[in-house]
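What follows are several structures.
Note that chain A is present in both complexes that follow, paired respectively with chain B and with chain C.
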Partner chain A sequence: MRTVGKSVIRKEAWDKVSGTARYTHDFQFTELLYAKMVTSPFGHAKIISIDTSEAKKMPGVRGVLTGEGLPLIGEAIKDRPPLAFGKVRYHGEPVVIVVADTPALAKKAADKVKIQYEQLPVVNSPAQAFQKGAPLVHEQLGKYKKDEDSYPVPGTNIATHLKIRKGDLTNFWKDVEFTVEGRYSFNPSDHVAMETRCSIAEITREGRILITTSSQAPFMAKRLISQYFNEPEGNIEVHTPLVGGAYGGKASVQLEVLAYLSSKAVGGRPVKLWNSREEDMITSPCHIGLDAKIKFGADRNGKIRAAEILFLWDGGAYSDKAIDLTRAGATDCTGPYGIENVWCDSFCMYTNHPYPAPFRGFSHSELSFAIERTMNLLAEKLKMDPLELRRINAIRPGDLTPTQVKLNKSNVGDLPACITKLKELIKWEEGEVVPVNDRIVKVKGISCSWKTSTIDTNAPSGAILTFNRDGTINLMSGVIEIGTGTKTVLAQILAERLKMDVNHIYVRMEVDTQTTPEHWKTVASRGTFMGGKAVLEAADDVIRQLKDIAACVLRAPIEDLEVADSRVFLRDDPEQGVHFKEICYGYTYPNGNAIGGQIIGRGNYILRGLTHLDPENGKGKPGPEWTVTAHGVEVEFDRKDLTYKLLRAVSVIDIGKVLNEKAAKGQVMGAMSMGLAFAGRETFVMDELGRILNPQLRTYRPLRYGEQPEYMVDFIETPQLDAPYGARGVGEHGLLGMPAALANALSKAIGVPIYHLPLTPELLWRTREGLLR
Partner chain B sequence: MISFDFDYLTPTTMQEAAELFQRLDQEGKSPYYYSGGTELITLGRLNMAYSEAVIDLKNIPECHAHGLSGDFLVQGSALSLTAAEVANFFPFLTSVASQVADHTARGKITIGGNICAAIFYREAVLPYLLVDSTVIIAGNKGITAKKMSDAFKEKIQLKKGEFLVQLLTERKWLNAPFIHIKRRQQWQTGYPLITIAALQAEDGLRVGLSGLCPFPFRSAAVEAALNKKEFNREEKIREALKAMPSPILDDVEGSKEYRLFALRNLLEEILNWQEGGFKLENT
Partner chain C sequence: MKTHNLVLRINGEDRQVTVRSADTLLYTLRGRLGLTGSKPGCLNGDCGACTVNVDGWPMKSCLMLAVEAQGKEITTVEGLHDAPIQKAFVEHFAFQCGYCTPGFIMNCHSLVNNHPGADDKKIKEWLESNICRCTGYAEIEAAVKEVLGKKS
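Up next, the complex of A and B:
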């Protein structure tokens, strides 16, 4: 391998580290207007009146929008007014938008809007939402338009219900000798991407809708705006420059719609809508919360025979992506274990909380917290080593997943190998608890996880290659550069296939939906897999065209030709050949005659063999492959005041094939850092009115430099045979087991099982003292 | 973003500043003394601070004084926390100040600004409270000097138009044994769950707290309990806990009950430090 596997520096690195890289909010021009939202101060309230008269009177205010007359929108169920109408359903929900000449004026005018509310009873948790007689978040649930795969239950707060029914349902607990059960919960939280979301929209005199947006899904924004407002798709052009971190939060389409409506309200003038940090945390979609109940039954050897699982996902006020999150949670509900009998009910519950976007790991770190805590409860009950319990139950080729996909050597990684490696790295033989002195102990916790990507069964990716006259290549892919370096990895894949220098490949960082071939969405760790497949096909297309023309020039049959180092040459006599630059824009004979012409490579990929899930038992193929992981965390714990320091965190991931070592390790470490922050500190604190009390970085604190542990990342390479060079997804997986591993360590440390997040010293104290609220 | 417009004024004398304030107040401009500016920015964007005329005190030489003079350390109110940390005349202050906010913010936040802050932690006041520094205050009627114990009751007691100019600390206190522990909700970032600062004086232990109540304080009753010779450790702590003012905070950083658990442990740490001969391990 010449390029694949090497730590090629990402192609936008210098722009980023020097601060010159441009993100959506960096685009300014003179005719731009600015929008400011007025948002709900309550979790659930009737809107009695909206008075915008004072705001409208202010000079420089160009438009004021309210929710009246707007269509209902939403991805799976059309349950969401773009601006609240009639009532507000979450704290932070946009109610009014003011458009003005300057950002300051827009804010001033927004402050003048007077809204009268009458508070309604608040649905403050998924478990409360599930109770009979709970207040309804959506009274008209039965009347909403929805897609086929959503199963809302009118008259309740259930937005969808996914069922997994696998194995012997009549003798479900037949071989079980030991059972354990746990109830788990945590609140919604946030992604906290460095760049807050921003969208600019304009409608030209010809009716073209031009949008620039910080998004993982510009192609989806195009489709949804077309669908929501009956605009021809071809009229809509969405641009996405570099994106400053996304983590799933920018896969939801929200500000694009509001910016479009704002522009429409001011005669099509360009309007920018840029989230403040507070708005980005609670007005725009957040990270999902969960209430779960898990029951495992095992035989005396530690083999888990049956699992009964209830997930109540916190779908928030509007279902949007929560429907898919609920489905993803169901498909991999057991964690990476081969269990014959599985009964899982995964409900998406409406609550009066901000609604969720995807979050790195797409339900898997969340479900893994519940599953992996239960695994440790079982290990304790069986008096078995928790790693050994996981090894015994590790899902393997030949096993059936919860949705009854038969696994083979290619579509699942090697979990036992991950466990063996983890055991060595975390020095498991030292013991789980090692006293330092009478007060301080070092404690280790471990976990495993897995993930497939439950994306649309027909999700496409495309790539186009063009040449520069010097023989270098331009690579266009719809993958968004959200900070993962994926576009550089695509260049590596191309360089490898063409056996050329990766520095001679230029990657277009910006995506525009009119000229860039579609990549469904840059989500689900699918950029390298799907984008890479498309690039490989485009590379083969280019090779074929290059050889066609070189065959004429060299007067040799195509099968004798070889491509490498930006040349096409005779295999048996490499000196006889032509450089790309002589043929990529056609070959010109000495007398001026020309043949061939500009070479344009094209490639595409569509996922194969995926199916919808059976609504009665969940049977179906949700994703192409499962990446498996094993994790460990070691803390230094103070037994007196219950504080702790993160010492080490380990992730071992079966990545299939390492394409760019440092990039892969960076992705895994970044994900681990997010996972530890989610585990240890990040949460929305809610009051009884459903208000979020900490929507600011001064009170909502991600992991800061100096708080991080030593990170250890290692890979197992079990190739996925149909993936580019065998590589599996890796963008999310470092996160998956972190909350569970930390919770397992701390449960051991306090000697009492922990069922909630985040794992603050106060939670440890409350758990130990039996004072949980 | 701050949506209100304001005039920015840069007086160069104390008198000019005080006069400006009075005039602007009469004009209804809600004048605002300004030094580092961090609160005006962070609260202004939330409409929790408002002014049409900001009076920057940084150009007044007295507000920048910094050094030893006779028996005193003189520190101007407009010194940044970083400047105080770097010069390190008063290690107790350095210890407390270096845990406020973050490195970037500390380059802007001033000693005076932190002591007079609207956000109620005001941790920089703790060392000055414990050694009872002298506070120089300027206003329309000239300059007054007060002991910190008189000038600070939950917050700085300034009349309208007055501002903090300097803090004078007796030299003898600069190297007194101290301990300072900032306990947060989690790890090393964030507001205090509780910040405790203690100093050993000839007449006994002095203790100040921030984050326990919605104001920083030093309490004679708490100190009396901790210094009572007849008490054993457990009694000292029990009586000190009883003597704490109210209300005990119950907020996003931690509940009231948990704060009391943490406080008990912190008091123990202070007594350990005292019994162990003031060895400074953990600040």
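Up next, the complex of A and C:
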């Protein structure tokens, strides 16, 4: 292969190192107005009164909006007022928006808004929300509009309930000789993209709604605004330039709506709404928390025969994407193991916490923590090597997934091969615990994971190719460049198919929903697969058109023609040919006659064969394939003060096919780093009023330079037969097993099982002293 | 509202600008002078996305007032032209989304100029003030070490 597999430099690289790369907040013009939110200081409270009179009087203030009269919105269940109305349901919830001439004025005026609250009892965890008699977050749950796939239970805090019922339900535990059980929990946390979210909206005199937004889902923003406010879709144009990190957090539609409403409140003038870091962490959607209970039963050989799983997802104040997160958790609930009998209840619980967006891995790193800790409990009980236990149970072609999809050699990767490679890389034979001196030990932990996507069954992706007159090509795809390098990979896929130089392909980085073909959302590690399929089809479309014209010019049948190096030529006599530049805008004969015409390539892809899940047993096909992974972490642990240093982190991923090596490794290392930070230190610290005490980067600390381990990334290549060059999704997978692997290492280190995150020295101490269960 | 007419020396040019007393250098660069390469990530000194060089040293421009910047030589990422650290970032894939990149580059640029012999400890001391959420830092480390290696 000529281009695929090579570490092609990203198309936007020099813009990014020179400061010329533009993100949403970088767009500014003189007539722009600025919006500032007033947010709730409490987790749960009745709004007694809102007094905006003083703010309105301030010079330079152009508009003040409250929640009164706005429709309820939300993706799966319409349960969310865009601005709180009647009561607030989470700390940080937007209540009032002030629009003014400058950011400083808007802030000043926002500080003048007076809101009186009366506090209500707070639902502070999914487990509490699940208890009988818990305070209700939504009293009117039964009255909300919802889509068919959500199953809220009115009169409770249950926003949806997904069931997996697989195998022999009457003799569920029959072949089981050993059982283990664990209860796990962790709080919500945050994505912390370095670019905080930003949206700019304007409504023209013609009624056109123009939005620029830092989003993974501009097409969804367009659809939802149309749906929520009864605006024709054609009137809405959403632009997304480069996005400064997203990790799922920018797949939710929130600021777009608020910016649109703000613009509407000031007669359509352009308004920018930009999140401060604090707002980005708690006002905008966060990373989901979880309470889980797992029970595994195995026979004496270590084969797991039955699994009973309870997930209580922290859906926060509004269900939005949490419904899908709950479904995704159910879909892959067992981890990558072939288990015959599976019973899983996955509940989305309303709480008085910020509501979740997708987070890289979409419920899978979270569920893996619970599953993989339970695997280690089982290994201990069976006195078995934890890697061996995983090998015995590894899911394989021929097995059924929890939603009863029959696996084959294409739709699942090779987990045993990943485990073998991991064993070698992490030097498993050295032993799990290696003392350095009487205080310091080196400890290893491992885990496995898997993931399929659970996006809409009819999610589309499209690509358009146009030519420049010099024969170079412009590539337009609706995939957003959120940092993954996907647009460069798409150019590589195109270059490979056309056998041309990738430098002769220009990629449009910005997406706008009017002229870019839709890519459903840039999520779920599906950009390369779906966008790539669309690009391949567009490439074939271009090849066909080029050959049509060349056949005339060269007076040869189409079957005798070949395309390579930006030329169409005779296969048996390559010197006889025409360059793209001679035919891409039609061919002109010496006398002036022209034939052909401008070549425009089109391609699309729609996921095939996916189904909804049966509400009674979960049966159905959620995604096209499963990527499998094996992970390891090695730490240097201080037995005295319970601090530790990350030494090495390993990910072995069955990627199908490596398309751009450095980009793929970068994705995996970045995901690992994020997973280790989630595992080791990231959490919202909440008080009893549901207030988040650390919405700042000095109290909420992502990994910093020098704290990273040595990364070891390796790939297995079991091709997915229907994917471009066999490549599987990989953007999220480095993260999946990190929390579990670190927790397994540290459980070994302290000699007491760990059930909670994040793994701070204090948590380790509490666990060891028995102060936590 | 008190305003000041300033002349700031930025990227080798004298730029006239009117600012409020409370305007930060970051706000002034971006909002008043259109130099949007320096990024806001926290406005609190925690993330380093806004880092510029002031008289050759890294400075978080969200922590400096525009009025304090008078008489100083300010370099933003827009002021670098094919600096070795830029090239190294490109070749080592030392960014993904690119949002932290201007800040990292300005910090690294100052580091390699001021401490061409920097060891691991020194590099950590300097770079731990910036956050990159996309990469795992391995590529940034490789990029900065390559430039340091060529210097020493």
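Just so it is clear, the second predicted complex is superposed on the first by the 772 of 773 C-alpha atoms of A that agree within 3 Å, B and C clash if a C-alpha of one lies under 4 Å from a C-alpha of the other, contacts with A are read in each partner's own complex, and residues count from 1 in each chain.
Keep this in mind: a residue touches a chain if its C-beta (ideal position, glycine included) is under 8 Å from a C-beta of that chain, and two chains touch if they have at least 3 such contacts.
All of these numbers come straight from a predicted model, not from anything done at the bench.
Of the two partner chains placed by superposition, A:P241 touches none, neither chain B nor chain C.
Using the contact criterion defined above for the overlaid structures, shared-chain residue A:A104 touches chain B and also reaches chain C.
Set against each other, chain B and chain C differ in how many residues of chain A they touch, and the higher count belongs to C.
When the two structures are aligned on the shared chain, A:G706 is found in touch with chain B and with chain C. Of the two partner chains, chain C is the only one touched by A:E195; chain B is not. In the superposed model, A:G92 lies in contact with neither chain B nor chain C. By the touch criterion stated above, A:R766 is placed in contact with chain B alone, chain C being left untouched. Of the two partner chains, chain B is the only one touched by A:L693; chain C is not.
Using the contact criterion defined above for the overlaid structures, shared-chain residue A:G680 touches chain B, although it does not reach chain C. Of the two partner chains, neither chain B nor chain C is touched by A:G601. Residues 104, 276, 698, 703-704, 706-707 of chain A contact both chain B in one complex and chain C in the other.
Against chain A, in their complex, chain B makes its touches with residues 1-4, 42, 45, 47, 183, 185-191, 251-255, 257-258, 261-262, 265.
On the chain C side of its complex with chain A, the touching residues are 20, 22, 30-31, 34-47, 49, 76-78, 80, 86, 89-91, 93, 95-102, 105, 123-124, 127-128, 130-141. Taken together, the chain A residues at the contact with chain B in this complex read 103-105, 107-108, 111, 276, 640-641, 643, 645-646, 680-681, 685, 693-694, 698-699, 701, 703-704, 706-707, 758, 760-762, 765-766, 771.
Contact residues of chain A toward chain C in the complex are 7, 9-10, 12-23, 25-26, 28, 104, 191-196, 242-247, 276-277, 482-485, 662-663, 666-667, 669-670, 672-674, 696-698, 702-708, 711.
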